[in-house]
Amino acid sequence: MSSTLGTLFKVSTFGESHGKAVGAIVDGCPANLELSEADIQPQLTRRRPGQSDMTTPRDEADKVIILSGVENGKTLGTPIGLMVNNKDQRPGDYGEMSTIPRPSHADFTYQMKYGNRAASGGGRSSARETIGRVAAGAIAEKWLSEQFGTKITSWVSSVGNIDARDMTLENLTREQIDSNIIRCPDEAAAAKMIELVKATRDRKDSVGGILTCVAENIPIGLGEPIFDKFEAKLAQAMLSIPAMKGFEIGSGFAGARMFGSQHNDPFVQKDGRLGTTTNHSGGIQGGITNGEPIVFRIAFKPPATIGMAQETATFGGEGAVLEAKGRHDPCVVPRAIPIIETMTALVLMDFVQRQAFRKA
Amino acid sequence: MSSTLGTLFKVSTFGESHGKAVGAIVDGCPANLELSEADIQPQLTRRRPGQSDMTTPRDEADKVIILSGVENGKTLGTPIGLMVNNKDQRPGDYGEMSTIPRPSHADFTYQMKYGNRAASGGGRSSARETIGRVAAGAIAEKWLSEQFGTKITSWVSSVGNIDARDMTLENLTREQIDSNIIRCPDEAAAAKMIELVKATRDRKDSVGGILTCVAENIPIGLGEPIFDKFEAKLAQAMLSIPAMKGFEIGSGFAGARMFGSQHNDPFVQKDGRLGTTTNHSGGIQGGITNGEPIVFRIAFKPPATIGMAQETATFGGEGAVLEAKGRHDPCVVPRAIPIIETMTALVLMDFVQRQAFRKA
Amino acid sequence: MSSTLGTLFKVSTFGESHGKAVGAIVDGCPANLELSEADIQPQLTRRRPGQSDMTTPRDEADKVIILSGVENGKTLGTPIGLMVNNKDQRPGDYGEMSTIPRPSHADFTYQMKYGNRAASGGGRSSARETIGRVAAGAIAEKWLSEQFGTKITSWVSSVGNIDARDMTLENLTREQIDSNIIRCPDEAAAAKMIELVKATRDRKDSVGGILTCVAENIPIGLGEPIFDKFEAKLAQAMLSIPAMKGFEIGSGFAGARMFGSQHNDPFVQKDGRLGTTTNHSGGIQGGITNGEPIVFRIAFKPPATIGMAQETATFGGEGAVLEAKGRHDPCVVPRAIPIIETMTALVLMDFVQRQAFRKA
Amino acid sequence: MSSTLGTLFKVSTFGESHGKAVGAIVDGCPANLELSEADIQPQLTRRRPGQSDMTTPRDEADKVIILSGVENGKTLGTPIGLMVNNKDQRPGDYGEMSTIPRPSHADFTYQMKYGNRAASGGGRSSARETIGRVAAGAIAEKWLSEQFGTKITSWVSSVGNIDARDMTLENLTREQIDSNIIRCPDEAAAAKMIELVKATRDRKDSVGGILTCVAENIPIGLGEPIFDKFEAKLAQAMLSIPAMKGFEIGSGFAGARMFGSQHNDPFVQKDGRLGTTTNHSGGIQGGITNGEPIVFRIAFKPPATIGMAQETATFGGEGAVLEAKGRHDPCVVPRAIPIIETMTALVLMDFVQRQAFRKA
């Protein structure tokens, strides 16, 4: 296990899906940031399941408690302890899975690696693990917003084969994105996506999707080549989220099909600094931010736990049919949005803290 | 700068493109591995430019010297110092670029971050920087091969819009891949790719491409959730390579368009262990290897330095036209193959060393 | 702030003296260790103040709660969340110190570094911070004891100018050491020490002391030269404890006055392995354990907070007299014993996990 | 092996005593520091053996070569590669030690840990390993001196039982200290020390000693509680030096014998900032520098390799007599001075870089 992220702004998380609590320690947060639970709760609430009939009905308040690091409404510069109690501690529903590992889930690999695993839910591999990250990232978001006006926005750009139109450079707000339950700001596409998710749910299947994320108002110079290039640490952060299968920055895979003369972003004077006229680079050149918006896309596979009957095998290798009991999320991408945004904030925050001392 | 990779098997690299030397220190290599320069040289030679008329004519022998850590042909368990002298130390050819940052290159961001940058070539952002990694990774490859029979194979699957047919599960060898200069084992596609690269070169442009990589004979249980999931650290390693824009593991972005019932990899008894009948997971479930081959794809943008005239701006913000002097690689993907393979070995090696102590 | 210790067995702590809670996350604990709160509580209880009339009367039960990482009485291999609620959350008693930094305390440096500090108690610099470490270390102690029979024992060897006789190689037990309130197993010296502490307390002063610690049944080969030599990381761990001023391993400062012919530990066959007849090395040679007991001594300064009047200055630089209100520990060394023991266990545990993979 | 030190200013070293070369990579050095070999050489030369008839006659020029990271006389912000070739690569003189591990040397523990070891000299455990650190630290010294006027001075305060008078607060220069071969600025004590070392050498024995070190002009606020307190990382750095047995900061072990009313350092207005009238704290309170000079002492054991006959055992456990061939350093403390100073600079430098971002 390695549940700590960051070099100077360090986040360490804990918690299984059906244990007592989940949470995190945020170490390295600058002192004198005004902070209360109210600053952290909104992203946790956006992440919460049970917000629509499309997601798992596990309704938990997910109220965060600050255990340390804040006094008189301001951070002390000391570790910030964060905790969210689990209300749903009952095991159950998962009896059959004790002998049949779910295909494409972590049941098998956890059992092989640790010789033990949480008996119910996904334990540490559950999406519930992300609560600690989201709470920590909400703190980073607040600091970055105050310091640089940084704004991080993510939305659903595809569900299954339904794509939203390209809206990367439009001025999207979280309110706009949250205005429909699939969190896709292209209303026409959103309607089709919702329909697809419902049909998928009805036949006890699941479906994948793609998110886009844009971070604006980014200081120039973030990123630590060569191994900690900005996009490299961002990719690590994104691929550490459950169910992620792909990451692309700027032009991404499409960029691999272009010529240099098309792909290169020409420089131009812009708001008193050197900017670029296009942004195939996604805001990063040579592993270092160039001041343009950071733009990236990530791919989520369909959730592994489905109610449909699947032919598979037991841990012992015997043929078996698995039909997962209970209700499971047919599509996780809308709930993934606050996770993506806050993880982006964690990466940004750590790089800001790591900036080398500069002579005046 | 952050030029060290790994937790227990640590690689620290140094060197600019036109300085005295490039190299690396490999710290944490197990003792008693039989090792000489001859084990490291082949991947360095595959990486070397000037192997065909498609790549930059900078012909350097790139001979590696082991400075420490090996005695009587065996590793001591101490740091292995590796060095390759630069023959091409002359500055020049780049005069114009001192005032005009190359579009989509690191000139601008390095200058902004450090307030200084190498006057010639790309300095630290040059592809020459990868020599240290390749040398270090060749050591990891040898150890993994001896210990587990691990075999890592990468090939060119696309150049521009020309795609090789899907050959992920075929038993490819490095010899086969190296049999044509574009390193694409689909001979028909290879011929078209070579033609495209030549035409691109002739009009002083550049073109991107995609590589596929497969790693076989992988121990079950590698990867350290949650932040150091196998695919997360692999993505970091890949995105740290110059010119990378995207990474996908297993089904990748295509997987985001699938249903769970299609995407899940059913378990089945296989060679005395539990395996899967399909491999959309790309050998990883829950951030941990499951024993199936690790399969991933990466996207390279077209090289930024091109001879064609580009309208852009000077550091000072004034409009300017840049035509890069000298000859530059129109397509880097063939040379990237040994980089991808050895970086994969570095990630695998570190995870093997990090495996938790297990009771007998 | 940097509140994480360890490379593979990582402990991250949180908590101020008068906030809601203190605690830790233990990441990297091997799976399948039998563990409950009852395994952790004894060292916390030994650490607790208010056990005698010599220490601060702050009586808190200090009951530890395991929040995660354990299911059905066994560790899962996932992060173990540990929390102890603070009962004593009232600020107060410290009003004067808001303008007058306590001499030799952290008031001044925290204020200067962070521009903020906990208004009451020592905040993060309080001895209460050590609760997270002790809880984490108790887990390490249990694992090491089961795996190797490791036994770690510390006792008070000096208080002020009163020294216990040298008892390093005697077979001391924790019960024996706890049989008197100063935790010095030399009964004659203990009586004088207790008298000294009482007299010191009565005149509102404080006094320092020295602890000895011995760790037995240690695997050969622990320690990672050159920067993470065993004694180097042990020294870091010890000097990170509040009020520490010195560390010596084996012969220590006395060894600097010896000749090589006296100091060298001759090898001899011993219980089927090569051992040494003397142990000036303190169980470590070249930064690596040699299988002999690890023996070290540490110096605690007198606590900085005293009731006696002290001439000093305000934050603003004006002359002032400070008399600390409330009752303060006149001598912390007895309570430091469980801290030393558990910190030693943390260092050992991390080195065991870091041992390089060895060919069979 | 773990041969990398530092969080942001990272030093990775390599090299055995009788291999091709020794050296280091310095990663994280700020850009635009004026730097050439001439800035690094003086401390390497001070460290060099063969400077007097008291030390080993191995005369090596120890000329450092900068391989990367500097262009046009200024640092680029990229890794600085440093190399010193070994002239003395012949094995020999050590034949007998292949079967008899030297008492209190690393022969036994390296062989047990790695199952292999350098056949001649000490390999990686040799004092020659320190060359990489000294070269790296000389760079840190230069930067700190330019930035803050930091001055680090160490001298020999004891050899065997001969103590120099206490001269901690005098204004010592390196020239003054180097004016005699034992590097003790108390001339009367120096004469006796030299006599003692010569007598020790003549009977083929060795002797230990103690160094004092003072670092002046230190920014307030360095150090990262709780685990990376300033004194904790300083202790790690010091104990990582070969032959170190003890470390004390400020009052050290003597402080453990004092009362709080004696030991506390009263605050007073001083040069426009809050200072202290005494410095028992050694410049650090609560793990953070307070602006007073950092003062510490370290104990070196007598070198393990001596020419006198020693009764010991072979690796196989059979009784044997060992008389080390060749000439060996009877006392290493004078040569340790540049090591101590440069290691101190490395610790300071890393903490300066780690200082948290502060709102304007």
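Each chain carries a letter (A, B, C and D) given by its place in the written order, and its residues are counted from 1.
Keep in mind that, in the parts below, a residue touches a chain if its C-beta (ideal position, glycine included) is under 8 Å from a C-beta of that chain, and two chains touch if they have at least 3 such contacts.
What you are looking at is a predicted structure, and each value in this text was computed from that prediction instead of being measured.
A.B. asks: Tell me, please, which chain's centre (mean of its C-alpha atoms) is farthest from the centre of subunit C?
C.D. replies: The most remote chain is B.
A.B. asks: Would you say C-D or A-C is joined by more C-beta pairs in contact?
C.D. replies: C-D
A.B. asks: Based only on mean CA positions, could you tell me how far subunit A sits from subunit D in angstrom?
C.D. replies: 46
A.B. asks: Quick one: report the Å distance separating subunit C from subunit D, using the average Cα coordinate of each chain.
C.D. replies: 26
A.B. asks: Round to the nearest whole Å and give the separation of the Cα centres of subunit A and subunit C.
C.D. replies: Taking the average C-alpha coordinate of subunit A and of subunit C, the gap between them is 39 Å.
A.B. asks: Subunit B: which residues touch two or more other chains?
C.D. replies: 1-4, 7, 13, 28, 31-32, 77, 110, 113-115, 124, 354, 356, 358
A.B. asks: With touch defined as at the start, can you tell me which subunit C residues reach subunit B in the complex?
C.D. replies: Touching subunit B from subunit C are residues 7-8, 28, 30-32, 77, 147, 352-359.
A.B. asks: Flag every residue of subunit B that touches subunit A in the complex, lowest number first.
C.D. replies: 1-5, 7, 13, 101, 103-106, 108-110, 112-115, 124-125, 129, 158, 160-161, 200, 205-210, 220-221, 223-229, 231-240, 242, 244-253, 255-269, 274, 276, 280-282, 284-290, 299-304, 306, 308, 310-313, 315, 317-319, 354, 356, 358
A.B. asks: Would you mind writing out the residues of subunit B in touch with subunit D in their complex?
C.D. replies: 1-4, 10, 12-16, 19-23, 25, 27-28, 31-32, 65-69, 71-72, 74-81, 83, 110, 113-119, 123-124
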